[in-house]
């Protein structure tokens, strides 16, 4: 079957440098999304305070969105011929998001810690949107979806911190 | 909490001029979408003629889409740190869509009046897509969705006016 | 077709004065319900504070109920042969509900502002239930549904303001 | 078991005259609703013309509503201890609604014929709402629901006949 | 449009005698199914006895099946160019099913009365399956579906009468 | 917040006597509905006899309806500024419904015991509908819904006791 | 595995001539159904006129039914050991249905063009039902389903052309 | 009640010989379908190999279809007044399908063993379709459904055995 | 039927002492779960404060779980031949949970009062798990489910009281 | 692949004697559950009497539960490395449940025959719960689920036999 | 109506050359998507081999996605005032995708043939994304969606060909 | 609020040593389940080979189950007053499951690598079931659920490796 496989069309991006660059951007994004989803679950279990139930439910929505985005991002990477590493070791070594303390955490602290981290991740990807678009419009479209979702989450988090818009 | 809040990341667009410009574009779009949704309901109640039932049902679909788009547009604005005004006074004073007469209206007139208004709104936003994209790719993505939907509605309206494509 | 149409049974209420009076009552109610739904959305976008997410979700439920009631009220009016005006201009000129400021608003202020407005609307309709019933039992039934819903909303709003029953 | 059954509380209305009067009103209403549902189906099968599909679908909605109302009305009658007759013979002999011709019928004629019949039925029940209410508020509530639905249907039919409201 | 319409293909059966014969068979079947559905509802409202609730629910299933079959049968008739009469007058004059008495009826009597009527209707159609098939295999398929359903209902009714199979 | 809360519109009924009277009527109704729901569950667990399964399922439907009505009634009371007591102690001390024996109970006895209790509750509320309506049309509407449901249940219970209507 | 496979039971029809004849009938039917589905979509995109929305929606229903029937027909063919060709080239070369012009088309013309084509396809299959049944009762059952559906569609199309039944 | 029951219409087939013959055919079919469903479950639990998961899921679909068909077949038999035996003893003694070995079985062997058995069952019933149709068209319709389903399953099984059609 | 019934297998536990002991444990548990569900509803109606809506919704989830558990517990008791008393009188006299005051109650007080009561009920059952398991493993399994649910609820309540874990 | 497979972890239970003992217990349970499901279907088809419809529906619920439990039990056995035999021959030879007569059977006899068989199966498994638990807690958990379900079914059957608890 | 129609806003793109160019690109894309959907169905019917069932199901997902994309693409074209030709003749003459042989085809060959064709189509559209974007950002957005989906399908196909990424 | 909180009942286990031991067991289990879910996703993205699609889908089911179990396990830990660490750093440092290589991986290797890891995790927890049960029966119940699910997954994985049971 090897011979047959060789004849199949290669992944979409011809230029190996572009493919590598786009692949690495997707891998970093993947690791940060996985990190957010693990941290989100951690806080889902340890939040306390008058708003604990509301935050507990809200976190499950966010985690669900991060997991879906992570899937889309990872599948875009392999579509381009780049296998990203999304395992615990790689995630904890990468561009990673700062971990949260492991004990009961007050609801407003939970929101504040998340808002900072989500903003950081969104900001980093946003800065790379234009160069990525030059290499591959489809990957740019994927990352615009990621930023659009993260920035909306950031707004929802900010509102609960009583921050004026 | 004020101190904490100050430290939270600001809304995504750094440049205050760009943020203002994008915010105003989103507010105008919001007001026009709300206006369309109120006019759509008005015609939903006053349409008469052999096609009245079909138009009555069609209008509810359109109104549903305008309401959803309005929500997306308004939430993008506040995400950028700009609170748009979507109340009756602001809507009736803004770039507003022309009101329709308040009496029973024949089905083809309803379609014609709507087609003109939807086309006008779509055209205005389309002209601003490129400059908006220069300031913020994510907001451009939101507005492309709005134009894509409005132009499709415009086609559906045109077909019912027996206009050749 | 005109001749045929003339022979069709007229709308249910024979007395033109009664029809006019009932129609105007329904139109005012419609405009207030639309106003509430626009104000509700406005606050949905601008609420901030520890309870922001809860209020954000609650407002969408209220807006959904006001939209449904507005539809029922408007359709009762046209059933009686009276086309009410539900467009932005008419809504902003009518018996209207006072607009809310356009900036981020603390959650408890949102609840308080809404509670006042909902109570005002409910009270006005309640005062007219008996005379309307004398003219048309069916319209009375429609308005009892409106008051029943608004008063329940008012209770739910009051509970969140920590007001003793 | 007879002895036991005798001891069970009698149906709600004590006064046998009132029960008879309310029962007869409900029986007539039942027969008219069944008649409407059979005529509606007849027209569902024989409508032709450019609006045939729209009318075909609309008639199924109306028939569904008439069947549900008939069930509610009949069950209220037996709740009051009065078994109404809803079989073909009784329906065709009663206060009955005029039958429609048995051949292909143009869409606007279908709408016109139905509008007349629905208006007639609604009008007759409306005239009896107040005396019924004096005897039994619950039955009045049932009949207000019937009139409310029939009058809304009448409006929807009128709009399709291009009749100005 | 008349000229255009004349050129459209005629209904499927070429032979006018066959079309008439098949049409009449379908009309009789339609009327009997409508009659069963009205009688079924009548008994649904008047059944009493220890099994009343079970029979009450069972009758609604049967009525639902008769209404669906009636629709299929009537639509097959008009497909063949024959408009059958399904209104109360025609139903009560036709090959009709014997009416049931209008008063509370014991559950086992209800089952027994229905079993007799369903068996009668099924038997009459079954006798005509072969000649109908000679004229039109598709109509035969429709009627086989009717008989298959009626005979299964008859079995379900018989089991409740404690009749040995 | 107290100051703010004081300014909020009071509950709908101005007259404190009327509010008290309506509140007490709603509290009694609430307690009886809770009592019915507990007794219904009790019988759900202890019914035996050939009709046990049918009654077992039927009771769960009734219990579901009583629970829903209880919620509506209690929420109307607090809407009017009256907190009713729906706890076991209050229920067992109030206008209460007679308890049933705690042992296996034959199906027809279950139906009979319930029919008596449901009739008693419906009758008591029905007698109060007119005075309540004079004080508050909306509460009357709530109680008409309660009576309408209870009387329909009473009919369904009576039919299973083989009682002639 | 070849040896094993040889021992597997052959497709149901023993007689190779019958299998070929039935297979060809199914292939022609398949190609005509695919052709109808492509033409249906074409008209779905190009219909204009007052009834455009109704026809637009109706065409999607028809296309859905043709796609399902095509699947059933093709799977019956391969079940009998005959692989039919359902690709664009074969469809456009076969017994094919006449293509429609590629431009905006008035709603009544759309209905008229479809009615002619559906009638033609139904007629051709109907003529072959009896000989097919002699070879294979199961394939006959499949084709009766196809004709039954096509003839019902033809009726629905005819009614919209205002053709008397 | 015996006397009453005797008077009820007998099962559909008058001729006792035909009823017996048709009943026996249905009983054999029932037993084979039950046997297939037990064997299908057995293989569902014991399949191994690279395709094990796919076959595991496929078998549950087949078992579901056999169980549904068995129900239809058994209910047709009792409808005709013939109680078939579908218990383990009768199934293992009848025309039965050969059992499969009780140990882990490779996926292609599973498919092959099933294909043989399904083909055998389908073939036997197919041979009896015409004589059954002479006695009872409705039972023939039931058995055509059984053969149609079994032959489609056989095709799906054959394709997985890499057998050319 | 008595004779027949005597021959039926007795309830699962042979030893009458064990059955009594297990039955009493289940009855107490049932009464406490019913008590919790009534108190939960009481607080659902009387909660006020910034978290009122969140607590209002949360209480409905808890009440739903208590009602389901009560059903499981009561049905296990009757399965063992012991009819527990779940009526208002028995509940208010039993091992009962302390009632809550009947007036508006601040949200954090509501959570605190419930947390105490849920913990008390869970603790009592937990202490009896081992002896119950010695008598009947199946009842132990039922009660482990009850404790598992109650302890999870207790945690969710504690988190909202801002208690560190 | 054999070499690879050898290296895979063996089934969970190390001790071959324990695995065999647990496997045999699961196989017997499987065969009895299959037997119950076949007998349940047999009675589903042959039940007659006033309660026939209720029993007919109830049996389908029971059969559904037995089929699900059989699947769980068989999959636990193969998880432990033991392939149980669930085919008709093995079922009819095993610890089997006594077959029922093949003719119409009165509803109360059906319930009685089933109650006896279900009780017998439940009792046999219950006696083995403790020794199984010593070998494998997970299998014990599976069997406790089986007993819990069977004993609840037994109670539901007993109640319909009018047996006092 | 012609005069009225002329006054309606023209389709969105002003420049007729751009409209033509964009329209042709959309038509080619449409024809290729239709071609893929017909070839996909062809292979759905003719696939054989151990992976036949998996490929059979996978193809239905792909076909569903191609049909949806074709609809979106065609509707974008008519929105721009360009009616594309999607009938069999045009599809088989256009930029067309190479047809597949009409006989049973091994599963890996099916995957390989599809992978080549999907890659070809995706590649052609990708090359045109930038020029299309210069003419119309909304159409670019539509085509980015097409490419994103096709490239993901290509990856899923490649993985099954055991090709290393 | 601190004072109030102190008075709330402590977490269920009194003995701090037992609580610590049980908490640590739950934390290790949590970390292994998270690790499995990350590895499962990694393989979901990198699997290739003829069974790639089947494994791709299967992995999503497994990942879904591991995520649900992780949630249950973590919530049991905090219920007992122990906050476990489920973040990337802790997971990659703990008792962790061995990572998989980051490149395309053949389907059977994927299954083999997973089977080994799932077996390892299940085995470790199984060994601790009895001591955990001595400390807390409810936590034992949670862990029995985990082992029951993991062992079933292990069987499903083994079957696909063609391993004899």
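So that you can tell them apart, the chains are marked A, B, C, D, E, F, G, H, I, J, K and L in the order they are listed, and the count of residues begins at 1 in each.
Quick note on the criterion: a contact is a pair of C-beta atoms (placed from the backbone, for glycine too) under 8 Å apart; a residue touches a chain by one contact, two chains touch by 3 or more.
Computed from a predicted model, the values in this text were never measured in an experiment.
Matching A-L against the pairs in F-I, H-L or D-F identifies F-I as its interface repeat (over half of contact pairs the same by residue number). Per-chain CA centroids place subunit G at a distance of 53 Å from subunit L. Between subunit G and subunit H the centroid-to-centroid distance comes to 30 Å (mean Cα coordinates, whole Å).
Multi-chain contact residues, meaning those touching two or more other chains, occur in subunit J at positions 46, 50-51, 54, 75, 78, 83, 103-104, 108, 158, 161-165.
Here the chains touching each other pair up as A-B, A-C, A-I, A-K, A-L, B-C, B-D, B-G, B-K, C-D, C-F, C-I, D-E, D-F, D-G, E-F, E-G, E-H, E-J, F-I, F-J, G-H, G-K, H-J, H-K, H-L, I-J, I-L, J-L, K-L.
Partner subunit E is touched in their complex by these residues of subunit H: 1, 4-5, 8-9, 11-12, 75-76, 78-79, 81-83, 137-138, 141-142.
Only residues 34-35, 38-39, 41-42, 45-46, 70-71, 74-75, 77-78, 83-92, 96, 99-100, 102-104 of subunit C touch subunit B when the two sit together in their complex. Contact residues on subunit E toward subunit H in their complex (touch as defined above): 108, 112, 115-116, 119-120, 122-123, 126, 129-130, 133, 140, 144, 147-148, 151-152, 154-155, 158, 161-165.
Within the complex formed with subunit E, the subunit F residues making contact are 50-51, 54, 58, 107-108, 156, 158-165.
Residue ranges on subunit K touching subunit H, taken from their complex, read 46-54, 56, 103-104, 106.
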